[in-house]
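Step one of this worksheet: look at the structure below.
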Amino acid sequence: MTVRLQAGDFDAAAEVRALTAGRTDIGAVVTFTGLVRGQSGGQPVAAITLEHYPEMTEAELARVEAEAKERWPLSGSLVIHRFGTLAPGEAIVLVVTASAHRQAAFEAAEFLMDYLKSRAPFWKKETGPGGQSRWIEAQASDVAALDRWRGKAKAGT
Amino acid sequence: MTVRLQAGDFDAAAEVRALTAGRTDIGAVVTFTGLVRGQSGGQPVAAITLEHYPEMTEAELARVEAEAKERWPLSGSLVIHRFGTLAPGEAIVLVVTASAHRQAAFEAAEFLMDYLKSRAPFWKKETGPGGQSRWIEAQASDVAALDRWRGKAKAGT
Amino acid sequence: MANPDRNVRLLYFAWVRERMGRAEEEVVLPSSVATVADLVAWLKTRGPEYAEAFRRPEVIRAAIDKAHVKSSAIIAGAREIAFFPPVTGG
Amino acid sequence: MANPDRNVRLLYFAWVRERMGRAEEEVVLPSSVATVADLVAWLKTRGPEYAEAFRRPEVIRAAIDKAHVKSSAIIAGAREIAFFPPVTGG
(Lines give C-alpha, C1' and ligand atoms only; values in the text may rest on other atoms or scores of the structure.)
Protein backbone atom coordinates (compact mmCIF):
# COMPACT_ATOMS: atom_id res chain seq x y z
CA MET A 1 0.00 0.00 0.00
CA THR A 2 1.14 3.51 -0.79
CA VAL A 3 0.45 6.11 1.91
CA ARG A 4 0.96 9.81 1.40
CA LEU A 5 0.34 12.61 3.88
CA GLN A 6 0.43 15.96 2.15
CA ALA A 7 -0.80 19.56 2.33
CA GLY A 8 -1.57 19.84 -1.38
CA ASP A 9 -4.45 18.46 -3.43
CA PHE A 10 -4.37 15.11 -5.23
CA ASP A 11 -5.45 13.85 -8.65
CA ALA A 12 -7.53 10.74 -8.07
CA ALA A 13 -7.62 9.84 -11.78
CA ALA A 14 -3.83 9.99 -12.08
CA GLU A 15 -3.50 7.80 -8.97
CA VAL A 16 -5.88 5.20 -10.42
CA ARG A 17 -4.03 5.25 -13.75
CA ALA A 18 -0.71 4.71 -11.96
CA LEU A 19 -2.18 1.81 -9.97
CA THR A 20 -3.68 0.03 -12.98
CA ALA A 21 -1.24 0.91 -15.79
CA GLY A 22 -0.10 -2.08 -17.80
CA ARG A 23 -2.05 -4.56 -15.68
CA THR A 24 -4.76 -6.91 -16.87
CA ASP A 25 -5.36 -8.76 -13.59
CA ILE A 26 -7.47 -5.97 -12.07
CA GLY A 27 -11.23 -6.26 -12.54
CA ALA A 28 -12.42 -3.72 -9.98
CA VAL A 29 -11.20 -0.34 -8.73
CA VAL A 30 -13.00 1.51 -5.94
CA THR A 31 -12.17 5.08 -4.97
CA PHE A 32 -13.42 7.01 -1.98
CA THR A 33 -12.94 10.76 -1.82
CA GLY A 34 -13.84 12.69 1.32
CA LEU A 35 -14.67 16.37 0.87
CA VAL A 36 -15.02 19.33 3.23
CA ARG A 37 -18.69 20.20 3.66
CA GLY A 38 -19.91 23.78 3.88
CA GLN A 39 -21.92 23.18 6.99
CA SER A 40 -21.69 21.09 10.10
CA GLY A 41 -24.53 20.52 12.56
CA GLY A 42 -26.53 23.25 10.83
CA GLN A 43 -23.72 25.83 11.20
CA PRO A 44 -21.81 27.28 8.22
CA VAL A 45 -18.15 26.27 7.93
CA ALA A 46 -15.58 28.63 6.37
CA ALA A 47 -12.62 26.23 6.64
CA ILE A 48 -11.30 23.21 8.46
CA THR A 49 -7.77 22.73 9.73
CA LEU A 50 -6.34 19.24 10.05
CA GLU A 51 -3.65 18.58 12.64
CA HIS A 52 -1.89 15.22 12.60
CA TYR A 53 0.82 12.99 14.08
CA PRO A 54 2.52 11.85 10.88
CA GLU A 55 4.97 9.25 12.26
CA MET A 56 2.13 7.49 14.06
CA THR A 57 -0.11 7.57 10.97
CA GLU A 58 2.63 5.84 9.00
CA ALA A 59 3.12 3.22 11.73
CA GLU A 60 -0.62 2.62 12.08
CA LEU A 61 -1.17 2.37 8.33
CA ALA A 62 1.61 -0.21 8.07
CA ARG A 63 -0.35 -2.28 10.63
CA VAL A 64 -3.68 -1.82 8.85
CA GLU A 65 -2.08 -2.67 5.51
CA ALA A 66 -1.04 -6.06 6.88
CA GLU A 67 -4.58 -6.64 8.11
CA ALA A 68 -6.19 -5.60 4.80
CA LYS A 69 -3.85 -7.86 2.81
CA GLU A 70 -4.72 -10.77 5.12
CA ARG A 71 -8.45 -10.17 4.62
CA TRP A 72 -8.70 -9.39 0.90
CA PRO A 73 -6.76 -10.35 -2.24
CA LEU A 74 -5.83 -6.80 -3.25
CA SER A 75 -3.95 -5.98 -6.44
CA GLY A 76 -3.10 -2.57 -5.04
CA SER A 77 -4.19 0.15 -2.64
CA LEU A 78 -3.47 3.77 -1.87
CA VAL A 79 -4.28 6.23 0.90
CA ILE A 80 -3.69 9.97 0.59
CA HIS A 81 -4.64 12.18 3.55
CA ARG A 82 -4.23 15.94 3.47
CA PHE A 83 -3.37 18.17 6.43
CA GLY A 84 -3.47 21.91 6.96
CA THR A 85 -6.33 24.31 6.19
CA LEU A 86 -8.96 23.34 3.61
CA ALA A 87 -12.05 25.15 2.30
CA PRO A 88 -15.52 23.62 1.71
CA GLY A 89 -15.58 21.55 -1.47
CA GLU A 90 -11.89 20.65 -1.17
CA ALA A 91 -10.80 17.02 -0.96
CA ILE A 92 -9.49 15.73 2.38
CA VAL A 93 -8.80 12.06 1.80
CA LEU A 94 -8.50 9.56 -1.04
CA VAL A 95 -8.65 5.79 -0.70
CA VAL A 96 -8.15 3.59 -3.77
CA THR A 97 -8.42 -0.21 -3.75
CA ALA A 98 -7.97 -2.58 -6.69
CA SER A 99 -8.74 -6.28 -6.90
CA ALA A 100 -9.76 -8.96 -9.36
CA HIS A 101 -13.34 -8.79 -8.07
CA ARG A 102 -15.62 -6.06 -6.82
CA GLN A 103 -16.48 -7.38 -3.35
CA ALA A 104 -12.86 -7.28 -2.19
CA ALA A 105 -12.32 -3.78 -3.60
CA PHE A 106 -15.48 -2.39 -1.97
CA GLU A 107 -14.89 -4.05 1.40
CA ALA A 108 -11.23 -3.07 1.59
CA ALA A 109 -12.06 0.57 0.74
CA GLU A 110 -14.73 0.68 3.45
CA PHE A 111 -12.38 -0.95 5.93
CA LEU A 112 -9.60 1.56 5.21
CA MET A 113 -12.02 4.48 5.59
CA ASP A 114 -13.45 3.07 8.84
CA TYR A 115 -9.87 2.69 10.03
CA LEU A 116 -8.88 6.22 9.05
CA LYS A 117 -11.96 7.68 10.73
CA SER A 118 -11.51 5.94 14.05
CA ARG A 119 -7.77 5.16 14.43
CA ALA A 120 -5.61 7.44 12.28
CA PRO A 121 -4.20 10.35 14.34
CA PHE A 122 -5.84 13.33 12.66
CA TRP A 123 -7.88 16.06 14.34
CA LYS A 124 -10.20 18.51 12.60
CA LYS A 125 -10.87 22.03 13.73
CA GLU A 126 -13.73 23.94 12.12
CA THR A 127 -13.64 27.68 11.58
CA GLY A 128 -16.94 29.52 11.10
CA PRO A 129 -17.51 32.57 8.88
CA GLY A 130 -16.93 34.89 11.88
CA GLY A 131 -13.52 33.37 12.62
CA GLN A 132 -14.64 31.38 15.68
CA SER A 133 -13.27 27.86 15.74
CA ARG A 134 -13.95 24.57 17.51
CA TRP A 135 -12.47 21.08 17.52
CA ILE A 136 -14.81 18.54 15.94
CA GLU A 137 -15.86 15.81 18.35
CA ALA A 138 -15.44 12.17 17.46
CA GLN A 139 -18.52 10.24 16.40
CA ALA A 140 -19.40 7.07 18.27
CA SER A 141 -20.65 5.75 14.91
CA ASP A 142 -17.08 5.83 13.55
CA VAL A 143 -15.81 3.57 16.33
CA ALA A 144 -18.80 1.27 15.79
CA ALA A 145 -18.04 1.23 12.04
CA LEU A 146 -14.52 -0.08 12.67
CA ASP A 147 -15.73 -2.54 15.30
CA ARG A 148 -17.92 -4.31 12.73
CA TRP A 149 -14.75 -5.73 11.11
CA ARG A 150 -13.54 -7.32 14.36
CA GLY A 151 -14.06 -11.06 14.45
CA LYS A 152 -15.58 -10.96 10.98
CA ALA A 153 -14.46 -13.92 8.89
CA LYS A 154 -11.93 -13.22 6.20
CA ALA A 155 -13.75 -12.48 2.94
CA GLY A 156 -13.52 -14.86 -0.01
CA THR A 157 -12.48 -13.64 -3.41
CA MET B 1 -29.29 9.70 -11.73
CA THR B 2 -27.53 10.07 -15.04
CA VAL B 3 -27.28 6.89 -17.12
CA ARG B 4 -25.18 6.61 -20.25
CA LEU B 5 -24.72 3.59 -22.50
CA GLN B 6 -21.87 4.15 -24.89
CA ALA B 7 -19.26 2.39 -27.03
CA GLY B 8 -16.45 4.81 -26.17
CA ASP B 9 -14.36 5.16 -23.05
CA PHE B 10 -15.21 7.48 -20.16
CA ASP B 11 -13.26 9.90 -17.95
CA ALA B 12 -14.14 9.07 -14.35
CA ALA B 13 -12.40 12.18 -12.98
CA ALA B 14 -14.33 14.50 -15.31
CA GLU B 15 -17.59 12.80 -14.28
CA VAL B 16 -16.80 13.26 -10.59
CA ARG B 17 -15.88 16.91 -11.18
CA ALA B 18 -19.16 17.51 -13.01
CA LEU B 19 -21.12 15.86 -10.20
CA THR B 20 -19.46 17.84 -7.40
CA ALA B 21 -18.71 21.21 -9.08
CA GLY B 22 -19.85 24.20 -7.06
CA ARG B 23 -21.36 22.05 -4.30
CA THR B 24 -20.41 22.07 -0.64
CA ASP B 25 -23.06 19.63 0.62
CA ILE B 26 -21.19 16.53 -0.57
CA GLY B 27 -18.88 14.89 1.96
CA ALA B 28 -18.29 11.55 0.26
CA VAL B 29 -17.84 10.39 -3.34
CA VAL B 30 -17.42 6.71 -4.20
CA THR B 31 -16.48 5.49 -7.66
CA PHE B 32 -16.45 1.94 -8.93
CA THR B 33 -14.71 1.12 -12.20
CA GLY B 34 -15.00 -2.35 -13.70
CA LEU B 35 -12.18 -3.41 -16.03
CA VAL B 36 -11.72 -6.23 -18.55
CA ARG B 37 -9.35 -8.85 -17.11
CA GLY B 38 -6.79 -10.61 -19.25
CA GLN B 39 -7.79 -14.04 -18.10
CA SER B 40 -10.94 -15.83 -17.11
CA GLY B 41 -11.08 -19.20 -15.38
CA GLY B 42 -7.36 -19.66 -16.07
CA GLN B 43 -7.75 -19.04 -19.83
CA PRO B 44 -6.29 -15.99 -21.60
CA VAL B 45 -8.80 -13.46 -22.92
CA ALA B 46 -8.03 -11.40 -26.05
CA ALA B 47 -11.24 -9.33 -25.97
CA ILE B 48 -14.77 -9.25 -24.68
CA THR B 49 -17.85 -8.15 -26.61
CA LEU B 50 -20.82 -6.70 -24.75
CA GLU B 51 -24.27 -7.07 -26.26
CA HIS B 52 -27.15 -5.20 -24.66
CA TYR B 53 -30.84 -4.25 -24.77
CA PRO B 54 -30.56 -0.49 -24.34
CA GLU B 55 -34.24 0.46 -23.97
CA MET B 56 -34.66 -2.09 -21.20
CA THR B 57 -31.50 -0.92 -19.42
CA GLU B 58 -32.87 2.60 -19.36
CA ALA B 59 -36.25 1.41 -18.04
CA GLU B 60 -34.63 -0.82 -15.41
CA LEU B 61 -32.23 1.87 -14.26
CA ALA B 62 -35.13 4.30 -13.82
CA ARG B 63 -36.67 1.73 -11.47
CA VAL B 64 -33.45 1.13 -9.56
CA GLU B 65 -32.87 4.87 -9.29
CA ALA B 66 -36.18 5.25 -7.46
CA GLU B 67 -35.17 2.44 -5.09
CA ALA B 68 -31.71 3.89 -4.42
CA LYS B 69 -33.16 7.34 -3.69
CA GLU B 70 -35.65 5.78 -1.28
CA ARG B 71 -32.86 3.94 0.55
CA TRP B 72 -30.08 6.52 0.69
CA PRO B 73 -29.86 10.34 0.82
CA LEU B 74 -27.82 10.73 -2.36
CA SER B 75 -26.56 14.09 -3.60
CA GLY B 76 -25.96 12.59 -7.03
CA SER B 77 -25.24 9.40 -8.90
CA LEU B 78 -24.08 8.27 -12.31
CA VAL B 79 -23.88 5.00 -14.24
CA ILE B 80 -21.93 4.61 -17.48
CA HIS B 81 -21.89 1.18 -19.13
CA ARG B 82 -19.98 0.51 -22.33
CA PHE B 83 -20.98 -1.90 -25.08
CA GLY B 84 -19.13 -3.34 -28.07
CA THR B 85 -15.69 -4.96 -28.12
CA LEU B 86 -13.18 -4.17 -25.36
CA ALA B 87 -9.59 -5.32 -24.73
CA PRO B 88 -8.11 -6.42 -21.38
CA GLY B 89 -7.37 -3.41 -19.18
CA GLU B 90 -10.18 -1.35 -20.73
CA ALA B 91 -12.95 0.03 -18.54
CA ILE B 92 -16.43 -1.53 -18.85
CA VAL B 93 -18.54 0.25 -16.28
CA LEU B 94 -18.43 3.29 -14.01
CA VAL B 95 -20.66 3.92 -11.02
CA VAL B 96 -20.35 7.18 -9.08
CA THR B 97 -22.34 8.00 -5.92
CA ALA B 98 -22.19 11.17 -3.84
CA SER B 99 -23.69 11.84 -0.43
CA ALA B 100 -23.13 13.90 2.69
CA HIS B 101 -21.73 10.82 4.48
CA ARG B 102 -19.62 7.86 3.47
CA GLN B 103 -21.93 4.99 4.43
CA ALA B 104 -24.67 6.10 2.03
CA ALA B 105 -22.19 6.61 -0.82
CA PHE B 106 -20.54 3.20 -0.30
CA GLU B 107 -23.80 1.30 0.09
CA ALA B 108 -25.48 2.95 -2.88
CA ALA B 109 -22.47 2.22 -5.12
CA GLU B 110 -22.46 -1.44 -4.07
CA PHE B 111 -26.21 -1.65 -4.58
CA LEU B 112 -25.98 -0.17 -8.09
CA MET B 113 -23.17 -2.58 -9.01
CA ASP B 114 -25.06 -5.58 -7.61
CA TYR B 115 -28.04 -4.43 -9.63
CA LEU B 116 -26.06 -3.99 -12.84
CA LYS B 117 -24.45 -7.42 -12.43
CA SER B 118 -27.66 -9.34 -11.88
CA ARG B 119 -30.47 -7.34 -13.55
CA ALA B 120 -29.19 -5.01 -16.27
CA PRO B 121 -29.58 -6.60 -19.73
CA PHE B 122 -25.95 -6.96 -20.83
CA TRP B 123 -24.26 -10.13 -22.04
CA LYS B 124 -20.51 -10.67 -22.31
CA LYS B 125 -18.82 -12.86 -24.87
CA GLU B 126 -15.16 -13.69 -24.41
CA THR B 127 -12.79 -14.18 -27.32
CA GLY B 128 -9.56 -16.12 -26.75
CA PRO B 129 -6.21 -15.48 -28.45
CA GLY B 130 -7.03 -18.11 -31.10
CA GLY B 131 -10.28 -16.38 -32.03
CA GLN B 132 -12.58 -18.93 -30.32
CA SER B 133 -15.38 -17.29 -28.36
CA ARG B 134 -17.87 -18.19 -25.67
CA TRP B 135 -20.69 -16.49 -23.78
CA ILE B 136 -19.82 -15.91 -20.15
CA GLU B 137 -22.14 -17.69 -17.76
CA ALA B 138 -23.92 -15.80 -15.01
CA GLN B 139 -22.59 -16.20 -11.48
CA ALA B 140 -24.96 -17.35 -8.77
CA SER B 141 -22.99 -15.05 -6.42
CA ASP B 142 -24.20 -12.01 -8.37
CA VAL B 143 -27.84 -12.91 -7.81
CA ALA B 144 -27.07 -13.57 -4.13
CA ALA B 145 -25.33 -10.17 -3.92
CA LEU B 146 -28.46 -8.36 -5.10
CA ASP B 147 -30.70 -10.48 -2.86
CA ARG B 148 -28.89 -9.23 0.26
CA TRP B 149 -30.55 -5.81 -0.24
CA ARG B 150 -34.08 -7.30 -0.20
CA GLY B 151 -35.88 -6.68 3.04
CA LYS B 152 -32.87 -4.83 4.43
CA ALA B 153 -33.92 -1.80 6.44
CA LYS B 154 -33.38 1.56 4.83
CA ALA B 155 -29.98 2.91 5.87
CA GLY B 156 -29.69 5.94 8.11
CA THR B 157 -27.66 8.95 7.05
CA MET C 1 -59.25 -11.23 -38.39
CA ALA C 2 -56.56 -11.50 -35.72
CA ASN C 3 -57.04 -9.57 -32.52
CA PRO C 4 -54.54 -6.70 -32.84
CA ASP C 5 -53.57 -7.20 -29.16
CA ARG C 6 -52.13 -10.57 -30.14
CA ASN C 7 -49.41 -9.04 -32.32
CA VAL C 8 -46.12 -8.95 -30.40
CA ARG C 9 -42.56 -8.13 -31.23
CA LEU C 10 -40.12 -10.77 -30.04
CA LEU C 11 -36.49 -9.89 -29.31
CA TYR C 12 -33.62 -12.35 -28.87
CA PHE C 13 -30.25 -11.63 -27.27
CA ALA C 14 -26.83 -13.29 -26.86
CA TRP C 15 -26.81 -17.03 -27.54
CA VAL C 16 -30.61 -17.14 -27.89
CA ARG C 17 -30.23 -14.67 -30.79
CA GLU C 18 -27.37 -16.71 -32.29
CA ARG C 19 -29.32 -19.97 -32.15
CA MET C 20 -32.43 -18.30 -33.57
CA GLY C 21 -30.42 -16.73 -36.39
CA ARG C 22 -32.29 -13.45 -35.92
CA ALA C 23 -32.48 -10.59 -33.41
CA GLU C 24 -36.22 -9.94 -33.67
CA GLU C 25 -39.49 -10.80 -35.34
CA GLU C 26 -43.21 -9.99 -35.23
CA VAL C 27 -45.63 -12.82 -34.41
CA VAL C 28 -49.38 -13.20 -33.95
CA LEU C 29 -50.00 -15.22 -30.81
CA PRO C 30 -52.56 -18.04 -30.95
CA SER C 31 -55.31 -17.85 -28.34
CA SER C 32 -53.81 -20.83 -26.49
CA VAL C 33 -50.83 -18.68 -25.37
CA ALA C 34 -51.52 -16.99 -22.02
CA THR C 35 -48.18 -16.99 -20.20
CA VAL C 36 -44.48 -16.70 -21.07
CA ALA C 37 -44.16 -20.46 -20.57
CA ASP C 38 -47.04 -21.01 -23.04
CA LEU C 39 -45.27 -18.75 -25.53
CA VAL C 40 -42.03 -20.73 -25.21
CA ALA C 41 -43.90 -24.02 -25.72
CA TRP C 42 -45.57 -22.60 -28.84
CA LEU C 43 -42.33 -21.13 -30.22
CA LYS C 44 -40.58 -24.52 -29.90
CA THR C 45 -43.08 -25.93 -32.46
CA ARG C 46 -42.26 -23.29 -35.08
CA GLY C 47 -39.05 -24.78 -36.48
CA PRO C 48 -35.72 -26.42 -35.69
CA GLU C 49 -33.98 -23.14 -34.78
CA TYR C 50 -36.72 -22.41 -32.20
CA ALA C 51 -36.49 -25.96 -30.85
CA GLU C 52 -32.71 -25.56 -30.52
CA ALA C 53 -32.80 -22.08 -28.97
CA PHE C 54 -35.46 -23.03 -26.41
CA ARG C 55 -34.23 -26.59 -25.79
CA ARG C 56 -33.54 -25.74 -22.11
CA PRO C 57 -36.12 -23.06 -21.28
CA GLU C 58 -35.06 -23.09 -17.62
CA VAL C 59 -31.84 -21.26 -18.53
CA ILE C 60 -33.63 -18.55 -20.54
CA ARG C 61 -34.93 -15.34 -18.98
CA ALA C 62 -37.75 -13.18 -20.31
CA ALA C 63 -38.81 -9.54 -20.19
CA ILE C 64 -42.21 -8.11 -21.09
CA ASP C 65 -42.18 -4.51 -22.26
CA LYS C 66 -38.66 -4.03 -20.84
CA ALA C 67 -39.26 -5.49 -17.36
CA HIS C 68 -37.97 -8.83 -16.07
CA VAL C 69 -40.77 -11.42 -15.66
CA LYS C 70 -41.08 -15.04 -14.55
CA SER C 71 -42.18 -17.75 -16.95
CA SER C 72 -45.57 -17.79 -15.25
CA ALA C 73 -46.20 -14.12 -16.19
CA ILE C 74 -49.38 -13.35 -18.15
CA ILE C 75 -48.59 -11.76 -21.51
CA ALA C 76 -51.97 -10.18 -22.29
CA GLY C 77 -51.38 -6.69 -23.67
CA ALA C 78 -47.64 -7.16 -24.15
CA ARG C 79 -46.11 -5.32 -27.10
CA GLU C 80 -42.52 -6.52 -26.82
CA ILE C 81 -41.24 -9.76 -25.31
CA ALA C 82 -37.51 -10.45 -25.04
CA PHE C 83 -35.73 -13.77 -24.46
CA PHE C 84 -32.12 -13.96 -23.27
CA PRO C 85 -29.67 -15.87 -21.07
CA PRO C 86 -29.07 -14.72 -17.49
CA VAL C 87 -27.38 -11.32 -17.70
CA THR C 88 -23.60 -10.89 -17.32
CA GLY C 89 -22.95 -7.16 -17.44
CA GLY C 90 -21.22 -4.86 -14.98
CA MET D 1 21.36 9.68 38.65
CA ALA D 2 18.07 9.16 36.82
CA ASN D 3 17.55 5.83 35.09
CA PRO D 4 17.88 6.72 31.37
CA ASP D 5 14.88 4.47 30.63
CA ARG D 6 12.75 6.91 32.61
CA ASN D 7 13.32 9.76 30.16
CA VAL D 8 10.35 10.08 27.82
CA ARG D 9 9.26 12.52 25.18
CA LEU D 10 5.64 13.65 25.61
CA LEU D 11 3.61 14.87 22.63
CA TYR D 12 0.31 16.76 22.79
CA PHE D 13 -2.17 17.20 19.94
CA ALA D 14 -5.32 19.23 19.15
CA TRP D 15 -7.02 20.74 22.21
CA VAL D 16 -4.68 18.90 24.59
CA ARG D 17 -1.80 20.78 22.92
CA GLU D 18 -3.70 24.07 23.06
CA ARG D 19 -4.48 23.71 26.78
CA MET D 20 -0.91 22.67 27.53
CA GLY D 21 0.48 25.60 25.57
CA ARG D 22 3.12 23.35 24.01
CA ALA D 23 3.35 20.52 21.49
CA GLU D 24 6.01 18.44 23.21
CA GLU D 25 8.42 18.17 26.13
CA GLU D 26 10.94 15.79 27.68
CA VAL D 27 10.27 14.52 31.21
CA VAL D 28 11.93 12.15 33.66
CA LEU D 29 9.30 9.85 35.10
CA PRO D 30 9.28 9.24 38.87
CA SER D 31 9.43 5.61 39.91
CA SER D 32 5.78 5.76 41.08
CA VAL D 33 4.62 6.01 37.43
CA ALA D 34 3.98 2.55 35.98
CA THR D 35 0.97 2.99 33.67
CA VAL D 36 -0.48 5.66 31.40
CA ALA D 37 -3.08 6.42 34.09
CA ASP D 38 -0.26 6.89 36.64
CA LEU D 39 1.47 9.26 34.20
CA VAL D 40 -1.70 11.34 33.80
CA ALA D 41 -2.16 11.54 37.59
CA TRP D 42 1.45 12.69 37.95
CA LEU D 43 1.22 15.22 35.10
CA LYS D 44 -1.86 16.82 36.69
CA THR D 45 0.31 17.78 39.69
CA ARG D 46 2.85 19.62 37.56
CA GLY D 47 0.99 22.89 37.05
CA PRO D 48 -2.31 24.58 36.23
CA GLU D 49 -2.01 23.99 32.47
CA TYR D 50 -1.55 20.25 33.11
CA ALA D 51 -4.48 20.21 35.53
CA GLU D 52 -6.64 21.97 32.92
CA ALA D 53 -5.54 19.82 29.97
CA PHE D 54 -6.05 16.55 31.88
CA ARG D 55 -9.13 17.66 33.86
CA ARG D 56 -11.23 14.95 32.18
CA PRO D 57 -8.73 12.15 31.47
CA GLU D 58 -11.55 9.85 30.26
CA VAL D 59 -11.83 11.92 27.05
CA ILE D 60 -8.09 11.81 26.31
CA ARG D 61 -6.48 9.03 24.31
CA ALA D 62 -2.84 7.94 24.48
CA ALA D 63 -0.26 6.31 22.23
CA ILE D 64 3.04 4.73 23.28
CA ASP D 65 5.73 4.75 20.62
CA LYS D 66 3.13 5.49 17.91
CA ALA D 67 0.61 2.79 18.84
CA HIS D 68 -2.79 3.35 20.50
CA VAL D 69 -2.87 2.12 24.13
CA LYS D 70 -5.36 2.02 26.98
CA SER D 71 -4.83 3.99 30.17
CA SER D 72 -3.91 0.75 31.95
CA ALA D 73 -0.94 0.20 29.59
CA ILE D 74 2.49 -0.25 31.20
CA ILE D 75 4.91 2.41 30.00
CA ALA D 76 8.22 0.74 30.93
CA GLY D 77 10.66 1.25 28.04
CA ALA D 78 8.51 3.85 26.28
CA ARG D 79 10.43 6.55 24.42
CA GLU D 80 7.51 8.66 23.16
CA ILE D 81 4.06 9.02 24.71
CA ALA D 82 1.36 11.09 22.98
CA PHE D 83 -1.88 12.47 24.43
CA PHE D 84 -4.77 13.62 22.24
CA PRO D 85 -8.57 13.74 21.92
CA PRO D 86 -10.38 10.94 20.07
CA VAL D 87 -9.32 11.19 16.42
CA THR D 88 -11.50 12.89 13.78
CA GLY D 89 -9.71 12.40 10.47
CA GLY D 90 -10.87 10.83 7.24
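A, B, C and D label the chains in the order they appear, each numbered from 1.
Convention: a contact is a pair of C-beta atoms (placed from the backbone, for glycine too) under 8 Å apart; a residue touches a chain by one contact, two chains touch by 3 or more.
What you see is a predicted model, and the numbers here were worked out from it, not measured in a lab.
Colleague: Counting one step for each move to a touching chain, how far apart are chain B and chain D?
Modeller: Counted as steps through touching chains, the separation is 2.
Colleague: Note the shortest touch-path length, in steps, from chain A to chain D.
Modeller: So the least number of steps between the two chains is 1.
Colleague: Where the CA atoms of chain B average out and where those of chain C average out, how many Å apart are those spots?
Modeller: 27
Colleague: Once you find the CA centre of chain C and the CA centre of chain D, what distance in Å lies between them?
Modeller: Roughly 74 Å separates the two chain centres.
Colleague: Can you compute the centre-to-centre distance for chain A and chain C, using the mean CA position of each chain? Integer Å is fine.
Modeller: That gives a centre separation of 49 Å.
Colleague: Counting only Cα atoms for the centres, state how far chain A is from chain B in Å.
Modeller: Measuring from centre to centre gives 22 Å for this pair.
Colleague: Would you please write down the residue numbers of chain A that are in contact with two or more other chains?
Modeller: 34, 102, 113, 117
Colleague: Which chain D residues touch at least two other chains?
Modeller: 90
Colleague: Following the definition at the start, I'd like every touching pair of chains, please.
Modeller: Listed in label order, the chain pairs in contact are A-B, A-D, B-C.
Colleague: Considering the complex alone, what residue numbers of chain B touch chain A?
Modeller: Residues in contact with chain A: 11-13, 16, 20, 22-39, 88-89, 100, 102-103, 105-106, 109-110, 113, 117, 145.
Colleague: Okay, in this complex, where on chain C does chain B touch?
Modeller: 11, 13-15, 17, 63, 66-68, 82, 84-90
Colleague: Considering the complex alone, what residue numbers of chain A touch chain D?
Modeller: Contact set of chain A toward chain D: 34, 50-53, 55-56, 59-60, 63, 81, 92-93, 113, 116-125, 135-139, 142.
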